[in-house]
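Heads up, the next two complexes both have subunit A, just with different partners, subunit B and then subunit C.
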Partner chain A sequence: MTDFWTVLGIWIGALATLSIWSFLYKDNPFYKFAEQIFVGVSAAYWFIFTIYNVLIPNLFDKLITDFNSNWLLLIPGLLGIMMLMKIFPKYDWLGKYPIALMIGTTAGLSLVRFLETDVINQIIATMINPLNSGSAVVAFGQVILIVGTISGLVYFYFSKKHEGFTGGVAKTGIIFLMVSFGAAFGFTAMARISLLIGRLQFLLGDWLGLLR
Partner chain B sequence: MKYKLPLLIAFCAGILMILSEFIPRRPFSQLSGTLESWFLIIAGFAIVLGQLSLLKLNIMKVFSKSENWQYHLAAIISFAVMFLFGILFGMQRQAGLLGHGEMLSNLIGSKPFDYIFINLYQHLMAAMFSLLAFFIASAAYRAFIARSLESTLLLSVSVLVMLGNTSIGAAMTNSLPAYLHLPNISAFIMDFPNTAGQRAIIIGAGLGVIGSSLRLILGIERSWLGGK
Partner chain C sequence: MKLIKHIYLLLFFIYPFFLFSVDVNFQVRDYPNDDGRRLLITYDESVLQAESVLIYRSFDGEEYEFWLENPESNTLIDEFDDFIKNPVHYRLVLMPVLDDINQIPYALDFADSATPKAQWFNRSRIPLLLLLILFCGTIVYYITLSGKGKEFYIRKINGLEAMDEAVGRATEMGRPILFVPGISDISDMQTIAALTILGKLAEKVAEYHSKIIVPCRNSLVMAAARDIVKESYLKAGSADEFNADHIFYLTDDQFGYVAGIDGIMIREKPATNFFLGGFWAESLILAETGFSIGAIQISGTANAAQIPFFVAACDYTLIGEELFAASAYLSNNPQQIGSLKGQDFGKIVVIVLIVLGVLLEMCGITAFKAFFTG
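The block that comes next holds the complex of A and B.
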């Protein structure tokens, strides 16, 4: 026999799903209610998740178990508390210092890592010789790859007006970008439809028991 | 002091991270490692700040009895319930202030925090994202009626990719030569024209990030200080 708490869980899930889907008819109290519950539960989930998986193991545990070796962690702890001061308008200026450290660290890291992975590595991957590909289809594809990457980049180059030869290349770039967006759109649609199928399976199977 | 010191901190942190990439030796490697672990802790506090700020906003809306305040009360209550269960009994393998709450866990089959996560949060999230399946159909219709070369291309590619990745696409083109098989066409689109477009976006965005990072480190971009 299925126990009470499992059945209750299924009913909660089914009502939550139907409340969210009621938006397809129009904005209504059921949707608004479910939406706000989602906001509240989601915020509390990430709050608790951060405490247990980030702050306790990286800060509190280390300070409690071996303070002498980890006393320097008091600095990020203090900066973290200064960050929380942003909640009080009178002391929100204190939050500028931890934000400064985060921005500086992120900017420094991003500059080097994006340069390496997103620029240099991508350029290297595009520097291919189609004549060495071994098959006509792959060679054709590689020519498309080179032309598409260069023309796409020309489209993003705004320091020169897009007219004449530059305009023509930029227009070719738009075509490749549209193909890319189309593929992304197709995959997004498939992912969402897969979620929809999952929801229908839950409602018709777990909840109503119509699917075996 | 309120503006120059943060700019100096950002500059020093940024330069240190860059130097440690080019000079991977002590003290730079050690300093950048320390800075990264500090970053993780401060980012944790930033997430907590975000949640507290959201809670404060909802509480203010309820107290000022603004429009639809009842729904904001639902958000506060759901936050409080989830938060209390998490703090008192913990989540997954982590113990809370009152331990693991074995009695309650044995009764309902999992920790209360995990029970709400599985039976409410996951369902709400899946339902919310599955809504997009319906709106995507309307977006596709709007793109079709735009009737430009770009919109036609976008939609044709998305249809080809979707059909190529489903069994019906393969079944429809089984009798045709291999180069006309929808899965093969879809794979070709993904491997070459799509990669070309993606690569242009990645390189463009990468250059943008590098420029923005430099502006931040050098203190040219100061909007994060509050518009000054």
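The block that comes next holds the complex of A and C.
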């Protein structure tokens, strides 16, 4: 016999799904109820998740079990407390330092990573010889790649008006961008349909038992 | 038959000598451009066809321990947990593939040794260093020039021009403006760019005595957004109109956040929606709901996969880098404008490198591309 709590879970899941879907018709009390539950429960969940999966294992446990090897963790702990000072208007200026540190460090680390992955790898991938590709179709694709990359870069050049020759190249760039956006749209729409199928399988299979 | 037997017998005695004359070019070397904890072991590809390949390792040159059997590649990397100061010895033992008649149990045994060494510089990343110096140097140069008062031209960015119109419309209709700063945290550059735009937008909202709502997914983003909006109201001389409750935290959960914003859009019916920052799967849900309530929508993200949805459902979209440029354009901050000019110079450099690389490749000169490949 199926466990009572499992059945209850399936019923709650199914009703919550239908309540959220009811938004497609218009705003209504069912949607409002599901929305408030969703927002409230998830906010509480993430709060508890952060305490038990971030603070306790990464800070408190390490400091309590082996303080001598982990005393450096006091620094991020202190920065965390400084962030909390934003609650008190008199000391909220203290919160600016950990935020500045975080933004600066991330920017510095990202700079090298992006330069390597987005710039150098793109340059290498575009330095190709279309005459040596073996077939006309591949050669055409490679020419498209070179022209698309260069014109795309010109589109994102902000120091010159998009007119004359620059404007023509920039227009070519935006055409390439739009074609790629169209392809990405179709690809993602397909992925979303698979999500819908997953939900329908839950409703028709797990809930109503119409699918085996 | 006797002749054949004699031939086999002859082969039986000759084969070992033939085997020992084989050189598989077994080499153990220090692994280049590392921190001194790796060794590179190489040998001829033909070795891989041997019946059995065994590699032994010794840290003292006397007692060997088994390390590897039948590797799939002829280039191996031995990585150590600790730094080793003495040579590490390796022995490659091969059992050749023979047909049924010649199952001769002669093994080949090769040995070599090397000491792992740390290198001061990772030479394979020299192109990265050069580009980093060039780009950062140019950005610093332009920031300095901009700081000294030199004015630079930045072309108009569609969407930003509509900001005044959007705020005016909201004021006329007596409805609020919704600003969603994305779902990334404060360390994401997209969020920072979005918050810079928020500052300028909030200033206009304060001037028009309109209302702005900023729901946040991240507590730090909320704290930063509150500071920025408060400062904007102060600048506009409307400090008393600033309401911190209009900039609030919803939830960290991605779709919980979306459900909350959808509810706000339906109930508050904002005249203008701004979706600026880092967006993922929620982009279309937000933009579609905003479209359904008839709001003017201005969006922008650097997440390429989400731009199509914004383009489809919003009135104006800042594509990729336009989001960062918009932040500089609006702020009129010398640092941001100088930085944008420096980045533009970087784009010219990249175009020149690509064109040069393609031309050289077409001429059969591969050294230029190889330099970047490392």
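Definition applied: the second predicted complex is superposed on the first by the 209 of 212 C-alpha atoms of A that agree within 3 Å, B and C clash if a C-alpha of one lies under 4 Å from a C-alpha of the other, contacts with A are read in each partner's own complex, and residues count from 1 in each chain.
Simple rule for what comes next: contacts are C-beta pairs under 8 Å (C-beta built on N, C-alpha and C of every residue); 3 or more make two chains touch, one makes a residue touch a chain.
Computed from a prediction, not measured in an experiment: that's the story for all the values here.
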Partner chain(s) touched by A:177 [first = subunit B, second = subunit C, both, neither]: both
First (subunit B), second (subunit C), both or neither touched by A:27: second
Touched partner set for A:46, first subunit B, second subunit C, both or neither: both
Touched partner set for A:127, first subunit B, second subunit C, both or neither: second
Partner chain in contact with A:86 - subunit B first, subunit C second, else both or neither: both
Touched partner set for A:13, first subunit B, second subunit C, both or neither: first
Partner chain in contact with A:101 - subunit B first, subunit C second, else both or neither: first
Winner by number of subunit A residues touched, once subunit B and subunit C are compared: B
Intersection of the subunit A residues that touch subunit B with those that touch subunit C: 20, 23, 32, 34-35, 38-43, 45-46, 83, 86, 95, 99, 102-103, 105-107, 110-112, 115, 119, 122-123, 126, 146, 149-150, 153, 156, 177-178, 180-182, 185, 188, 192
Residues of subunit C that touch subunit A when the two form their complex: 127-128, 131-132, 135, 152-155, 157, 186-189, 192, 220, 223-224, 249-253, 255-257, 259-260, 262-263, 266-267, 284, 304-305, 307-309, 311-312, 319-322, 325, 329, 340-341, 344, 346-348, 350-351, 353-355, 357-358, 360-362, 368-369, 372-373
Subunit A residues within the subunit C interface of the complex: 20, 23, 27, 31-32, 34-35, 38-43, 45-46, 83, 86, 95, 99, 102-103, 105-107, 110-112, 115-116, 119-120, 122-124, 126-132, 146, 149-150, 153-154, 156-162, 177-178, 180-182, 184-185, 188, 192
For the subunit B and subunit A complex, residues of the former touching the latter: 2-3, 5-7, 9-18, 21-22, 34-49, 51-56, 58, 68, 71-72, 74-83, 86-87, 90-91, 94, 107-109, 113, 115-134, 136, 140, 149-150, 153-162, 165-166, 179, 188-207, 209-210, 212-214, 216-217, 224-226
Contacting residues of subunit A [partner subunit B, same complex]: 3, 5-6, 8-10, 12-14, 16-17, 20-21, 23-24, 29, 32-56, 58-59, 72-73, 75-77, 79-81, 83-84, 86-87, 93, 95-112, 114-115, 117-119, 122-123, 125-126, 137, 141-142, 144-153, 155-156, 173-183, 185-190, 192-193, 195-196, 198-199, 202
